[in-house]
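Below is one structure, written out as structure tokens; the observations come after it.
Chains: A, B, C and D, in written order; residue numbering restarts at 1 for each.
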Amino acid sequence: MRVRTFGYFFRQAVVSILRNSLMSFASVSSVAAVLIILGMVLLLGLNVDYIASDIESQVEITAYLADGLDVKQVSEIGQKLIQVKGIKEVKFVSKDEALKEFKKQLGDQGDLLEGIKEDNPLPDFYRIKTINPSDISEVAAELDNIEGIVDIVYGKEVVDKLFKLTGWTRLIGLATITIFAFVSIFIISNTIRLTVFARRKEIGIMKYIGATEWFIRWPFLIEGMLLGLIGALISVSVINISYYYLTKTVAQSLPVIKLIPFDSLLYKITVGFMAIGALLGALGSGISIRRFVKV
Amino acid sequence: MRVRTFGYFFRQAVVSILRNSLMSFASVSSVAAVLIILGMVLLLGLNVDYIASDIESQVEITAYLADGLDVKQVSEIGQKLIQVKGIKEVKFVSKDEALKEFKKQLGDQGDLLEGIKEDNPLPDFYRIKTINPSDISEVAAELDNIEGIVDIVYGKEVVDKLFKLTGWTRLIGLATITIFAFVSIFIISNTIRLTVFARRKEIGIMKYIGATEWFIRWPFLIEGMLLGLIGALISVSVINISYYYLTKTVAQSLPVIKLIPFDSLLYKITVGFMAIGALLGALGSGISIRRFVKV
Amino acid sequence: MIRMFGVSKIYRNGIKALSDINFHIKKGEFVFIVGPSGAGKSTLIKLIFREELPSSGQVIVAGRNVARLRRKDLPFFRRKIGVVFQDFRLLPDKTVFENVSFAMEVVEASKSEIRRRVPEVLELVGLRGKEKSMPSELSGGEQQRVSLARAIVNNPEIVVADEPTGNLDPETSWDIIKLLQQINLRGTTVVVATHESSIVNMLRKRVIAIEKGRIVRDQQKGVYNYES
Amino acid sequence: MIRMFGVSKIYRNGIKALSDINFHIKKGEFVFIVGPSGAGKSTLIKLIFREELPSSGQVIVAGRNVARLRRKDLPFFRRKIGVVFQDFRLLPDKTVFENVSFAMEVVEASKSEIRRRVPEVLELVGLRGKEKSMPSELSGGEQQRVSLARAIVNNPEIVVADEPTGNLDPETSWDIIKLLQQINLRGTTVVVATHESSIVNMLRKRVIAIEKGRIVRDQQKGVYNYES
């Protein structure tokens, strides 16, 4: 095939989009609508994952030290801890700091501990974070045989529950995104298919004039691709603008919730969606044209 | 218009769906896909609201009683509390029960309180739930002038944060549902529109034969309605079956999360979606046919 | 029945299809419109049943000025006119029977009436046995006759036929023309645009000849061509 | 060039359009196919460029058995045959120029070739000045001539024309027939299905007459009708 022929295909596709403007508009806007929804779901899913990771990363092991260790012993234990595989961060908390924290946790009822001040029953401890939050049980087990550590606490039940919850949330998120992605593919190719249906007679005519199947296909493929691409362009514009304002608003009104920063997503989603739009448009068109091109 | 003519319209619509089977299939499946997605989002939103309400309903006021009241005085205060407007539930907690609970809350660190057993510093209190969780501040203010109550605590900060969070969640949920609903309407009517486009020539022909606008419209409206209805039927089947298994699985694996029971949703969603499908199909068809019917 | 006063038609792309057309076709007349390809015959016919509006001048059909018809009256106006389209305009999703019965459903004829009349008309145009065929399963001539059957099934006051025999062999053409004559004898006004010189010459009806959008001849008992 | 051996065609709805057709059209011949409406002329023509496959028998065109053509060879086979369709089959979204140039784009002709040849052919069929019109803006006869222009633009070995003058006035018809004759004189095989008895009778070419799907007459220097 000559380059010039390809130019012809491209021009045909553009002209066809313009001449069938009503139909082009309907399909482009459907593609855009579907991708906006997919984008919303994708961003939601990614953010849920992001927040879940953030919560998980706060999980920690408390290693209580034996009573009456001197500073050197304490720092030796610290040295050993750092060398244990899987540990990311180790922080010493003295018994006095521990009491203060505990009081703070109790809030209004903290006064109850007032009496204990003199004779602080709390031990010194190390607060330990693991590189991989889900490895916490294994890491905790490793610490058992370090001398000077009398007790290892990491709220097994709570941590297990948390991971179960984040695991489920991730699963549901992933399932939702997958379902939405498939449904989007389905709707987009269906939409493009309907535009091909409306012109199935032309395809027959071209065949009787001696056009090869690919000669007929190319302009339709390019047209589908362009429709998909334009739809995707609209959708990423909407998604980017909305997400920009969302992150801004949330940062102001709900600083507790940490969303994925705008900048780090913009590029990937834009490129990804353009590619998806173009591909689905071309595929939807290509698949539906097959039926009419054959025979 | 005669009844018989209406029968004719209906038959025409059915025959047309069957004869344009490829196109009918494409549009029905698109409608179904869109409604499945809308259903997923709707169920998600409703459940988020349900869970948020559940969490909110656990918000409570603790009214600490003066030390050394006798049983009669305590029950009098109880009587007064019940009569305060906006209070739903009042429960007495003795100082001993309070200590037990407190220990339980502290979990591993509960042993620390072991020493306080003999001389329990905790007061008796009433635990109060309001009818409307968000009225908690007003209700708490009312309790101030009841004699025998020395302190009123309801974790103002936590409660405010919680309501802010549930408020936001609800807002986002509602916004999402609204956006999805509009997008669904848009896609469905666009899809039906594409099927009408493919047959715009027929409409012209009918006009030149002397058919009134409504005579042309009715079969298309009915056809759009039927396509929408069939799509909705498929979608509610999928949604109902999926939700049935989801509630079952969640109840088994994650009993913490309380989803809206299956039975109470089935009927509403089924009826609602059928109505939406039929309406949107008819509207999409009706709107897009206008352009061709006129002139 | 059909009058045109100083009618001209300029299409949106600037092509002047008709200029200063004047004629009066009386009730019960049988008129041939002749002229070379692209002369404006179809445009003239489209003005009659208001597929197109005149750019200037007046078109008065069955006592109504077509330009002044209100939208809601238009269908009822069109029911007075049976049209055989040059490009047939059959409904592609309907069978032959349904295509013809559609015109009767439009006027809400009774079921029994439809069951009686449609086969009768299909018989008249020689399409018995094709009731269940789809238009795409018909030969060109057969499609043309379905279009004719649909035009006459409601016994309209006026029948306008745009080359109703273009796809027919001479013998079938004659049958169709005889059919139109019969309808004409029952009082229906018949306007036929045609290229078939033999038919025009044989029948000796009124002939309106158009060339380049102008009436060049309007002759009672005319022939296809002046010179011939 | 075109041979049929015992060909019959039964459509999917059970209609027997052709039975036991046998003939041989040699390279460079000019042949008329005649017969009443619904006789099977279009079906015969559709068998030649393989729009339809025979139900039985052999159709051999340009040395190839059409039933045995592989899918990838089909377009190249069809390029040898220029077809004028009874229903025109113009691409509705393309202008007149584009409709004709499309046939040349298909064979990847050069841009300069297309710019030279398309106006030339449009001139031949009398459509100069209509290059930019869309098919929907043309008269019936004009559309028919676009279909003809497209059929001949690539100088195919065979031209088959299904009623190429059905929508044309006698004068324009003659021009078109003369054009086909010229093409024939340059060595192209021409097959024309037609109802125009005057043309058939005047030209005195080979005539194959079909009735109810059977060849009833195959005559050199024939006329439209035996009896006439």
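Simple rule for what comes next: contacts are C-beta pairs under 8 Å (C-beta built on N, C-alpha and C of every residue); 3 or more make two chains touch, one makes a residue touch a chain.
Only a predicted model underlies this, so the values are computations on that prediction, with no experimental measurement involved.
Counting hops only between chains that touch, chain B reaches chain D in a minimum of 2. Greatest centre-to-centre distance from chain C is found for A, with centres as Cα means. Spacing of chain B relative to chain C, judged by their CA centroids, is 61 angstrom. Our note on geometry: chain A versus chain C, Cα centroid distance of 66 Å, whole angstroms. In terms of their C-alpha centroids, the spacing between chain A and chain B amounts to 25 Å. Contacts between chains close into a ring here, every chain touching precisely two others. Per the contact rule defined earlier, chains pair up in contact as A-B, A-D, B-C, C-D.
Residues of chain B touching chain A in their complex: 22-23, 26-27, 29-30, 33-34, 36-37, 40, 102, 107-109, 112, 115-116, 121-122, 153, 155, 161, 164-165, 168, 176, 179-180, 183, 186-187, 190-191, 193-195, 197-198, 253-254, 256, 291. Taken in their complex, chain D has these residues touching chain A: 49, 51, 71-72, 74-79, 81, 83, 85, 89-93, 102-103, 105-108, 110-111, 150.
On the side of chain A, the complex with chain D involves touching residues 1-2, 4-5, 8, 15-16, 19-20, 199, 202, 205-213, 215, 294. Only residues 11, 13, 15, 34-38, 41-42, 86-87, 132-133, 137, 139-142, 145, 162-163, 166-173, 195, 197-198, 224-225 of chain C touch chain D when the two sit together in their complex.
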